[in-house]
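Structure below; questions to follow.
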Amino acid sequence: MLIVMHHHATSEQMDQVIAAVKAMGLTAEPIPGSLRTAIGVLGNQGYVDDSTIRTLPGVRETIHVSKPYKIASRDFHPEATIVDISGVKFGDNEKPVIIAGPCSIETEEQMLAAAKEVKAGGGQMLRGGAFKPRTGPHSFQGLGIEGLKYLQQAGKEYDLPVVTEVMRIEQLDDICQHADMLQIGARNMQNFDLLKEVGKIKHPVLLKRGMSATIEEFLAAAEYILAEGNRDVVLCERGIRTFEKATRNTLDLSVVPLIREMSHLPIVVDPSHATGKRMLVPVMTKAALVAGAHGVMMEVHPNPAKALCDGAQSLSGADFGALMIELNSLMEFLGFQG
Amino acid sequence: MLIVMHHHATSEQMDQVIAAVKAMGLTAEPIPGSLRTAIGVLGNQGYVDDSTIRTLPGVRETIHVSKPYKIASRDFHPEATIVDISGVKFGDNEKPVIIAGPCSIETEEQMLAAAKEVKAGGGQMLRGGAFKPRTGPHSFQGLGIEGLKYLQQAGKEYDLPVVTEVMRIEQLDDICQHADMLQIGARNMQNFDLLKEVGKIKHPVLLKRGMSATIEEFLAAAEYILAEGNRDVVLCERGIRTFEKATRNTLDLSVVPLIREMSHLPIVVDPSHATGKRMLVPVMTKAALVAGAHGVMMEVHPNPAKALCDGAQSLSGADFGALMIELNSLMEFLGFQG
Amino acid sequence: MLIVMHHHATSEQMDQVIAAVKAMGLTAEPIPGSLRTAIGVLGNQGYVDDSTIRTLPGVRETIHVSKPYKIASRDFHPEATIVDISGVKFGDNEKPVIIAGPCSIETEEQMLAAAKEVKAGGGQMLRGGAFKPRTGPHSFQGLGIEGLKYLQQAGKEYDLPVVTEVMRIEQLDDICQHADMLQIGARNMQNFDLLKEVGKIKHPVLLKRGMSATIEEFLAAAEYILAEGNRDVVLCERGIRTFEKATRNTLDLSVVPLIREMSHLPIVVDPSHATGKRMLVPVMTKAALVAGAHGVMMEVHPNPAKALCDGAQSLSGADFGALMIELNSLMEFLGFQG
Amino acid sequence: MLIVMHHHATSEQMDQVIAAVKAMGLTAEPIPGSLRTAIGVLGNQGYVDDSTIRTLPGVRETIHVSKPYKIASRDFHPEATIVDISGVKFGDNEKPVIIAGPCSIETEEQMLAAAKEVKAGGGQMLRGGAFKPRTGPHSFQGLGIEGLKYLQQAGKEYDLPVVTEVMRIEQLDDICQHADMLQIGARNMQNFDLLKEVGKIKHPVLLKRGMSATIEEFLAAAEYILAEGNRDVVLCERGIRTFEKATRNTLDLSVVPLIREMSHLPIVVDPSHATGKRMLVPVMTKAALVAGAHGVMMEVHPNPAKALCDGAQSLSGADFGALMIELNSLMEFLGFQG
């Protein structure tokens, strides 16, 4: 940490700051400059809580050098993490994984039809929500446990590992019995109790970026899971909130190469929620793969016009099939083997 | 809902859209214009899911007129809600309530000292966190149940109702036994399962605005609680996330008169978290009261320089006492009786 | 400046960075830590361009301590600046100045009627736009020079100094002849050539914050004017762009006490453009004064329902008169003499 | 336009609104609903100024259907625009154009060296700034006219059309003599007087998106140029401002397919300014091409470590050469002929 003093800070104020740093068991190193003096803080093993320093007289600001995450950082764990779900591998130089399926699980028939289309197109994992986070309480909230069974059945029938969202701790047991991967949604990225519980089990986790989370907060959220022992975390960019109204969110693709450099965890992209528009999904999927995403999760529905949720951003089975032909060609171009 | 057609939409496309609207059990009313035609949708009792319409050929966009909340709306419930906590009243034209106390509960002595100072200054409620949401897992996470006891004891000793944050459903029973009001933090504003459970009990709730929540989403979150039966909800503005780095968040004070017009629920302001800077708390507290806030929640710590959390934004007891003298004078000027 | 090295940076990389700093004529001071080493850069007289350092091997990031402004900073110029316009004083502990008038100058009669109402209510300055920045070219663009004459005449008739926006350098001569203060609009806050030209003349300037400008950029824009010699700059907060759609912009009132601490320049608030809603103007005006604003600029139109521009946020003369009675009472409470 | 009435609006209020619409020469069509009534406004030839309507009693909100641009819209001009600069073609299905060169023109040698590298790599246009918009006045401001000569000379020597930024109207003549294309920078996207003047001449224009401009405002800015007669406008996405601090801006790639659908104008991407990090430029360039960009503009400097401006985001000649080999292969894959 660096403590920047005011231009006109007195030497008494300097001494008081140095004493406060020492009281924290750390070392203070003054760095005199021509305009003002700074004080380097040494000896900390991680992120320092600067609250008590920031408000001492003469202090203008404090600047952090350490980050609120360490296990998630490539700086300390250079080796890439590969998350393996029944043979479907996310991370490093593995071929990107295509996850597809409906936003919501609606009926047994719908899930079987969706799974059939996903498999036919060449998707490797199946998605579907049984518990749906909706802005208002008067919208469809999902089928619950009944839906999980349809999802699991469809996955088995078509040999596709399944991923589904968990919204509360009490659901964990049920979901672990029915799904191969747990999704933490954007609205729960900082539901720290849920993160900790998910960290204690062995199921792989798909952690979505919060709608206004910085990359630092995103990695710190992953750190909550990693710190409890579960190292199978796949990150997912799904768009951030900006002033732009033409898309549902703003897809931040630069996060892909950045996360690949800053962390050893795999990073996938969800172009369906990021854009909210079906027409944008194919093109942004391709852009995501070129940006280095370890996978893409997209919404595919047997009949988007009748979807109970997010129909406007869902591809039909035919759309998906056509897109997959293009994606396979692109992945081959990018050097991934069939 | 209004459906706006493309400039060059054909009459077949118009007919298809009208048929789709009818299939939803609603009425479609074309409104021809000189440049393009729009189609009004009538007959809905609330928010319409437009996913299936938005992607029909010839449709340019759909525009919602209904909102994802209704019970929270003043349009449908013109009467102001007053939330009464052991005689401390929030809402309408009641005198604004001052809630104060430390960010975290640290020790029995600290809570008693804080409560003494809050009482001495004239605060009406005591705050303190036993379960702390922290960005990273390596920061202090709170004392838990033990802390709740200190809080309750301090509140009883100084006759101050207490409010504390709940982060997970399993904590609800314990917290209800020890606290008079439950706080839902900004990070959990869209933790819909928690909202629903809190809606099923009778404890009053302080619901904080999410860090990037629109007013519409904020009221829709309140709707989750109200829809389950709990009508004692106090809203809390605590700053939104913007590009500005000089403050922790950007305090959005216009939300106060807006919420007062759009909803019947009380709205309070937290200037400590919004600004992150002790120096800004007094002045923004006064601005909040002038803007019409039904209360203010601020951080007060017996020794901010030694606080385990958010010391930089905490007032000392002496600061708080001095501020309360000014606030009392301001409230008298604003027409509130002692 | 502080240079933070990677955890695994080699000593050769350290040496290379130190050499690069020396090549810039500055001093490098290594600060070894337990996790990584930082290098303090000393000897710079101001902001250092770090582009060449940031990309050397082993460098993780660079952190600036100096700011891109100095003349605007209170750190270097502790004395408050008071801007005096024919006896109307902005700054320090002067009574806040009320500037009012229509968004656009429309006719001679409209300006005279507006000026009469502003004067009657107790406003001290008159505003009105002759050149209007409009999002699209098909909206009313202002009366131009003809409008300036109406403004000047109305100001003289009612003894009110006038302020009007300048949008291009060629207009400067004309506007200086007709107006007492020049306004630089939000869209031109970083039109650096205009800032420089305005810096070379002697007219006082009202500089509006850009719609997504940080406080640092806002002060750096003022620095452009100050650096050319014109020291009569009044800053104006007019709302920033966020994701919120219920208001035109988000009024950032914390900027008022922050600017008062960081700079010696006066800071005023424009609640009309910030909120875009007439109903919010009175309450946010009061909040701005309590927050410490040195003045408020608001839109007043003799007949808002017929305004050619921004009618929805304009007060009528009667609204303005009623508000001024409240404002005078509030200013008296705040300790300002009649 | 649609006018949404309050739930409890009276029939007198309805009548008043209908009368106000008629007074504007337009037709009002009531659309009764079960919860509230809306009023459709018909007969307008474009964007309606709703200020006078929005504040009538009983009106809850107004909703626009028309946009503040028309010439820029594909809805009214379905044919794609191709901008041709001495044979280099932007738009529709033309092969994407690679523009490269230094941020600032520094010396004759530097420009010649840069041009040589751009040509050698296969770039088609040369960029370089003679007038630099810098946040603070104490940074390098560019060489001015002298720089333009170096740019022009380097372009001629290596047969590359050149583009350079214009910041003020008085520079237009000089710049038109020395450059093939004029750039309007992000900070001047709403400098409407500059846009109008540029609209009156015949030089092609590269219009950068403002740092917090919506797509609607971006197209409305282009409309200013088009409306004056100049139809050779190329749009440029260069990142928008968000809360994220890890990149200089957030590159919004979805804008590419959206603009291609909404407008007939070409759209290019500037990954250098969007990300601010050299390491991200190659990968985001590829993603931009896959997203459908009609070109990419990137910073290339003979010696980035000594660049006077933005060295951290500049590629070296060798970097550029290596990237171009990849880009050519990617463009071939995308179906563009050599």
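For clarity, chains are labelled A, B, C and D in written order, and residue numbers in each chain start from 1.
Basically, a residue touches a chain if its C-beta (ideal position, glycine included) is under 8 Å from a C-beta of that chain, and two chains touch if they have at least 3 such contacts.
In this text, all values refer to a predicted model and were calculated from it rather than measured experimentally.
A.B. asks: Count the C-beta contact pairs for B-C and for C-D, then tell me which is higher.
C.D. replies: C-D
A.B. asks: From the C-alpha centre of chain A to that of chain C, how far is it in Å?
C.D. replies: Using C-alpha averages as centres, the distance is 38 Å.
A.B. asks: Chain B to chain C: how many Å between their CA centres?
C.D. replies: 30
A.B. asks: Could you give the separation in Å between the centres of chain C and chain D, each centre being the mean of its C-alpha atoms?
C.D. replies: Roughly 26 Å separates the two chain centres.
A.B. asks: Where does chain C touch two or more other chains at once, residue-wise?
C.D. replies: Residue numbers touching two or more other chains: 46, 212, 216, 241-243, 245.
A.B. asks: So how do the chains connect up here, line, ring, star, complete, or something else (other)?
C.D. replies: Topology of touching chains reads as complete, every chain touching all others.
A.B. asks: Taking the touch rule as given, give the residues of chain C at its contact with chain B in the complex, in rising order.
C.D. replies: Going through chain C, the ones touching chain B are 212, 214-216, 240, 242-247, 250-254, 256-258, 261, 274-275, 279-280, 283-284, 286-288, 290-292, 330, 333.
A.B. asks: Where on chain C is chain D touching in the complex?
C.D. replies: Residues 20, 46-47, 49-52, 54-56, 68-70, 131, 133-140, 167-170, 187-188, 190-194, 196, 211-212, 216-217, 220, 223-224, 227, 241, 278, 304-314.
A.B. asks: For chain B, which residues are in contact with chain D within the complex?
C.D. replies: It is residues 2, 4, 6-8, 29, 31-36, 38, 40, 42-46, 60, 63, 65-66, 75-76, 78, 241-243, 245 of chain B that touch chain D.
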